[in-house]
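Okay, so chain A shows up in both of these, paired with chain B first and chain C after.
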Partner chain A sequence: MSAATIDAAGLGRRRAMLLVAPALILITAFLVIPALWTVYLGVTDYRLTGIQAANPQFVGLDNYRAALVDPAFRNALWLTLVFVFGSAIVGQTGAGFALAWTLRSVPKIVRTVVQTLVLLAWILPSSIVAFLWVAYLSRDDGTLNAILHTGGTDWLLAHPMLSIIVFNTWRGTAFSMLLFSAALGAVPPSQLEAARLSGAGTFAQLRDVVVPHIRGHVLTNTLLISLWTFNDFSPYLLTAGGPNHASEVLPVFIYNEALYGGQLGYGSAISFIMLFINLVIALFYVRLLRERR
Partner chain B sequence: MASIHIDGLTKVYPGGVTAIDGLDLTIEDGSFFALLGPSGCGKTTLLRTIAGLEAVSAGTIHIAERDVTVLPPGDRNVAMVFQDYALFPHMSVNENIAYPLRIKKTGRSERTLKATETGTALGLEALMERRPAELSGGQQQRVALARAMACQPSVFLLDEPLSNLDARLRLEARSFLKRLQRELGVTTVFVTHDQSEALAMADQIAVMEKGRIRQLGTPSEIFRSPSNTFVANFIGSTPMNLLPGVLRGGTLRVGSASVGREAAGELAAWSAGAVDSGEVTVAFRPEYARVDGDGPLRFTGTVETLENLGASVLVTVRTGDDQRVQAVVPEGEEVDVGAGVHVAPVPGRILVYDARGELLRP
Partner chain C sequence: MNAIASHYPSQHSGRHPHRRRGLVLALSATLAVTTFAACDRTSGSPASPTQNANAKDVTLAITSNSIAGGKNADEADWYKNYVIPNFTKAQKAKGVNVTLTFQPSGVDDEQYKTKLALDLKSKSGADIVALDGIWVGEFAQAGYIKPLSDVVGSDVTTWEGWSQIPKAVQANSSFEGKTYGIPSGTDGRVLYLNKKLFAKAGLPTDWQPKSWQDILDAGAKLKSLPGVDPIQINAGTAMGEATTMQGVLPLLAGAGTEIYSGNKWQGNTKAVRDVLTFYQTLVKQGLENTDFQQAAKGRDESFAAFAKGKIGILLEGDYFWRSVINPKNGDAAMATRDSDVGWAAIPSQQPGTGIGGSDTVSMSGGGGYFLNPNTKYPQQAWELLQFLGSADAIKALLGGTARITARQDVNTEVLSTDPLLTFISEKVLPVTHYRPGLAVYPQVSQALQQATADIVSGKSVDDAAKAYQTAVEKAVGADKVSAS
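Moving on to the complex of A and B:
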């Protein structure tokens, strides 16, 4: 096919290039170059201060070798998996689906109010919701302690992982709720009714009608929220990775290593490992999605 | 055994719409029963309340002498075939048919056997391993019927069973459903907005309007003597002639035409009844009107339009009193547009409705 036959708008190649150029320039400047820069830094001993800041040396794969034997890195990787599994795959998917399913059969006013509140948790800036949660979980005069009569418990110190998992579930459920609401709206009501007439209870209706219909939505949702949660930095705002690395998920670990520890080269290498893990997760889901068809 | 008794049934939707309004109805065991009416008349809501898919606002429903008013759908021993068939797309035909048995915890081998048996009875034996998407509309309907039959319910409910089929298939499915119902002998209620479907298939028809039953009867009763002008208007493939008239002193006048009760003959129900009803509506079917025929009531006018119905022609005549009267004439006996003609209804087929729209009966 020649270029002329697919040039529906009749722009010509030059003018077309001109129109996409601003976007390409921005993407290059803020995405491609920093990414390549990270890859480059990952194979150097570049530091924030000191002699290696002025004159970084090429160290090959040393950073990667160091990461693989670094117990702090393994700890961060493990905590990230726990965080993703707990807050995204179980927490957000579960709460999002439960909300979407329940809200179908409540009065419109209740639905609107609940959806607005859930959405609010999602769209408020991280710094604000983090402050709210610090206040909520605070040892002195914290709301949770007042509710549970557990005065003096410092939740962020005593249960740091549980705290950030619950926090992130609360924060991100809106997306799953919206996606599942749309998906449930596409399940033909007559099929649910046919199942009910056969005597199917709620569980059997979910298993035999709803889940087969929304399987693709479940996968898409799980993919997106696992990636977002995997890369999420907001736990830092609650625990800063502490106490003693007990809630130091990978993005927080990188921040602590690269900026507090000053090891920009090492941090970059771990960033690259994270990018790689992102790709693996994405490929895994894409394969699952394809198998379905 | 499985008759259905409905007593004072009312269904008000949240928001205040009354879909069913204090309805009483008895559906005999083994009958093929049609709920017929225009859209929004409450016929589908009635079917769904019998199924248990809608909660009733007041009244009771008994199936086979058992009060099922508040029972969940699965405990009523009814099966429903949905308008869109509601087959499960991810299950094979066999699994679809066996689904109610699976829910009732029947063993795998037994339910597969039972599904195959039911499927074979409906001519689906070659399709048992296919998915619903690989079937034609008619085949999908048979699968839905087989699924309904598999657990041997005491009542079948069919929601617009023919509306998703194309015209040709619809006629086939009509005969098929009628034969199947007769063979199974299971009480069957179906909903339709198509009067010809109801007339063709049902043993009993309830014509509904605004949540009430306007007439209950056999197809021929409903066709021959619609008990009010609503039913008269609704039933029939060509619209009923409805003309304003006056009944006074035993003489019926319609415009300049008139007929005395003696001339109307024994067959005209109105002639034996009231003699002084004042303002009335005179009705007769185009099928029972003769062009240039003799009769006690004759309308004179000119032919306005001709509509070809295939084996017959629908002639519209504009009378001198500026009324339109329609008559069906056999093919080959057409008149010309613009010609002056007489139209005379067959005497025994003239129906007279009083000012409230109710049929005058002997």
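Moving on to the complex of A and C:
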């Protein structure tokens, strides 16, 4: 990087700094300071109420040590990985690509209708969507029970993880679908044509023509939806982490510990661990992206 | 979202990848989605008692966990139809314009508590807040509420109401000998029973169990009825304090111990294991619907099921009778309440094994109204507080029905009009117990809830009790836990 010597915009150092100052101030106020504050709280025994709320004590790395041996934290971490793998990497990527691939060759009206419905699931507010799903999965008079004739099954209790994975796949597929639709549009039709003429089946076309073209998109997509899903709080609206912690993914775990249980210090420490895991995920994908070039 | 904008073009234009740029992108994407918003702790001294004492235009707000058409609807209606118009009128007569608003809330008590803690912590919130008595200690220690004499001045002791409120009830709004608010009443817990189901199962409708075994035996008979969950005794973490108060603690009292006595908390003791064993029996014999104990809204679901005549026995406080299944305005109104619902005192494990050798036991709680130390109008807020605690206002809240209020003068007038309340004041209050008024209690309570959740989800009694012991030691320190 040699930004100091090359001044393409011709702004000069002062004006350039003025230009980025508002953004930097916002980022500092709303991202950097809260993040540093989280780090600070994570080394105290700060609580929502009680004596530690008025007078938090420095406890060093106790919170981190406690987290590493806390079976509830390990459980939450594991469930989060299952949740990300199931609903983001398999569910949303799979469904999004399948939709984008099939919708290329259907009449325009069908494509528009399907895309609108899928988008609707994405853009509706979480609280409304959660309400719809609670009604859909309800034990008494739920739609799913009516369809499957499984009256009396409480899906959120019997299959909490499966429920939130299916829910999140349904909810977030639109992003992958849109991204893959755009990416597939950029695959030269001549190459697909040539592949077809030389006798390549659908799978061979996908593997040898499509995937090499859209690999970067796949990685970008996976990076973003993994991070989003990793930090997604909406499972709380369906199961509140229950029954008995069976669907307590990390964001829900932090909420339950920090606000419901009042352990703000411990919650902050786990938040920081989450931030670190996010960073690792992000770096992993960025590295993959770079290797492609 | 700017993470997309900044990252996406790099797919096409980034033919000359820069190492550092990739790192920055990864970082910004990470930060954009993970920031845990930290709350600011501003320090400041509370307003002085005389602040705005002579103001002619006053704005006050009051909040409680009640909402019109929902939770504690009668209380919410009382603010709207009685407190606001009458208090405003009384102040107007003195030449003061009061704008009084009520901030409703209709959520689980734990969520309400969290909301209030955050309000008070950020030096905002309503001028008068309704709190459960067990939160007083932790709120006081955190500095979220202050003794009345600090906020208002030493005049608070001259209020006429104090002489009407029994000491045990005053404890619901006190902490370490200091008064933080005005108590709003107390309550008692009983076993409710559906007399129709009892008759169908061949059980007497004036049922009074003598032991835990009697409850199980009745449950076994009720189980023969199709579509009926025989017994609902709260368990699990989703129900929060309702599990402790309407489940573990009354049972523990029946096994002869209080959760805290002699400077020690109950750990993995025989009494705790006996209680957990009782829960396990309920679950194993299919007498209790585990869905209610595990679902996020399980308590409300169990209320609705009882109102529909699908639960035989349910342990609750008098709140259930007057606010939940009340045919007039309950949140799970039961039209046939007066004819179909009976009640019995909660039996000890065996006759005579209850605390102090009693045959029946109960637990009582109660909340109160507290001043927000950051109120801009401490004197006017105190006047409103006295208004809320006046005999007239309380009678208006009751509106002809009965509940155990904080005031003796009101109680002698109203309790005899309701058969359940008569039963509670005569048979239950004499053997009842209160929770320890210690700031750490809610943490112990959560450990108890987790222990019952473990039982419901199939853990053994020994494992659940051991995990409970560890959790309590973590909360209060190992030297303050008894185990045997």
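Keep this in mind: the second predicted complex is superposed on the first by the 267 of 293 C-alpha atoms of A that agree within 3 Å, B and C clash if a C-alpha of one lies under 4 Å from a C-alpha of the other, contacts with A are read in each partner's own complex, and residues count from 1 in each chain.
Definition applied: a contact is a pair of C-beta atoms (placed from the backbone, for glycine too) under 8 Å apart; a residue touches a chain by one contact, two chains touch by 3 or more.
What you see is a predicted model; the values in this text were computed from it and never measured.
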Joint occupancy of chain A by chain B and chain C, clash or fit: fit
First, second, both or neither for A:R111, with chain B first and chain C second: neither
Chain B versus chain C as contact partner of A:D208, first or second or both or neither: first
Touch count on chain A, higher of chain B and chain C: C
First, second, both or neither for A:W228, with chain B first and chain C second: second
Which of chain B and chain C A:H159 touches, first, second, both or neither: neither
Partner chain(s) touched by A:A194 [first = chain B, second = chain C, both, neither]: first
Minimum C-alpha spacing, chains overlaid - chain B and chain C, in Å: 14
Chain A residues contacted in one complex by chain B, in the other by chain C: none
Chain C-facing residues of chain A, complex: 1, 30-31, 34-35, 37-38, 41, 47-51, 53-54, 139, 154, 156-157, 216-217, 220, 223-224, 227-228, 231, 238-240, 242-244, 246, 254, 259-262, 267-268, 271, 274-275, 278-279, 282-283, 285-287, 289-290, 293
Chain C residues touching chain A - in the complex, by the definition given at the top: 3-4, 7-8, 11, 14-15, 17-20, 22-23, 25-27, 29-38, 110-111, 114, 117-118, 121, 135, 137-139, 141-144, 236-238, 291, 294-296, 439-440, 442-443, 446, 453-454, 456-457
Interfacial residue positions of chain B with respect to chain A in the complex: 51-53, 72-75, 78-80, 82-90, 99-100, 103-104, 147, 151
Residue numbers on chain A that touch chain B, as the complex places them: 188, 190-191, 193-200, 204, 208-209, 212
